[in-house]
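Below you'll find the structure, written out as structure tokens, and then a few comments.
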């Protein structure tokens, strides 16, 4: 069963080795992980850094729901997801998901499910700072 | 392009942080990894430890081919795979695959492709040592 | 007229220039409330691009509001 | 009679009690060679469960052998 620490928004750098240790379990044979790093470009523009922000109360609740769904859908032993907020430089780790399971198929499927759903549903926003000096809220281009 | 170090059989513990660093590249936004650990049971028997052995000349060649195939099939930036040989205790890391890409779909697909193909094609064998004192070469039960 | 607590995030926070405010409104639903605030503050995002949360849970735009509710209009998410 | 170098791995190594040996044989293909060795040493795996490598590359069972070739019979793999 997921515990309350499975999903969290973090204002500090993610300590991935530490998170991985939490997934170690002698029953598990497979660990699938996903890391998202800040890229130096997006849609042709040179990105200098990124700022992530969140609506913490709902983000943590929704992230937790996603982990619970992963436990319902896939035969997994443990899952952890962390999303960084604050200012991040190029190469910084924005998101980490790790899933352990007895079999690799379930570990991959659940890991991918979690990152897809986190990206699609959890209220986290990304502001890009370009080399040109401009900034942009990603995905917010629609006009009324 | 893959370099000669992308696939290797290793007689020593895998240094995963070090391998991950090799995949860091400011162009990449996504890293998918897979780790296989020694489980404490298999098909109902309590496993004490495992011994992996390989046919090194062909294992390295076939592993390298698999990585090259992953580069042909998926839009990835870098890929590394390592398989441990020798005696491993419960919880020991037997195999590690990491793939970085601009987009997460390609990273997941390639990571999964590599581990599936390594398990299916690379001449590596596993001998299980059970709590009962018995041993068994996994997958070698067919009789002439 | 009833009182609503509004929290702003991301682009809406930038366009409003505030993290949060308390407003008096006769809006009965989140949809009506957003229309009112968008006109007043020049928000650029249409409701079709937004989601809404009432008291820290996702909600329908047409759900009736109660005085004292905390309402958050959620711009398109972009985590990861 | 020609000379072949045989390397053994995993279960076959255990059943043969040797890592490698040089054999004299009239077998013209890997299939014939395995049949001969399986009879002599009591190997339990059928060729349908094995693959074969000649000079460190996967090969067909019916490929003709040359004197001095290194042949490896590959038990079912079980990496990961």
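In order of appearance the chains are A, B, C and D, and numbering begins at 1 in each one.
As a convention for this text, contacts are C-beta pairs under 8 Å (C-beta built on N, C-alpha and C of every residue); 3 or more make two chains touch, one makes a residue touch a chain.
Predicted model, so just to flag it, every value in this text is computed and none were measured.
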| item | value |
| --- | --- |
| Neighbouring chains common to subunit A and subunit D, by label | B |
| Joint neighbours of subunit C and subunit A, given as chain labels | none |
| Where subunit A and subunit B are represented by their mean Cα positions, the distance between them in whole Å | 24 |
| Centre-to-centre distance between subunit D and subunit C (centres being mean Cα positions), rounded to whole Å | 73 |
| Approximate Å spacing (C-alpha centroids) for the pair subunit B, subunit C | 50 |
| Subunit D residues counted as touching two or more neighbouring chains | 80 |
| Residue list for subunit B, restricted to those that touch at least two other chains | 36, 104, 115 |
| All touching chain pairs, where touch follows the definition stated at the start | A-B, A-C, B-D |
| Contact set on subunit A toward subunit B in their complex | 17, 24, 26-41, 90-91, 102, 104, 107-108, 111-112, 115 |
| Of all residues in subunit B, those that touch subunit D in their complex | 36, 52-55, 57-58, 61-62, 83, 94-95, 115, 118-127, 137-140, 142-144 |
| Footprint of subunit B on subunit D - complex, ascending | 7, 9-11, 14, 38, 43-46, 48-49, 53, 56-58, 72, 74-80 |
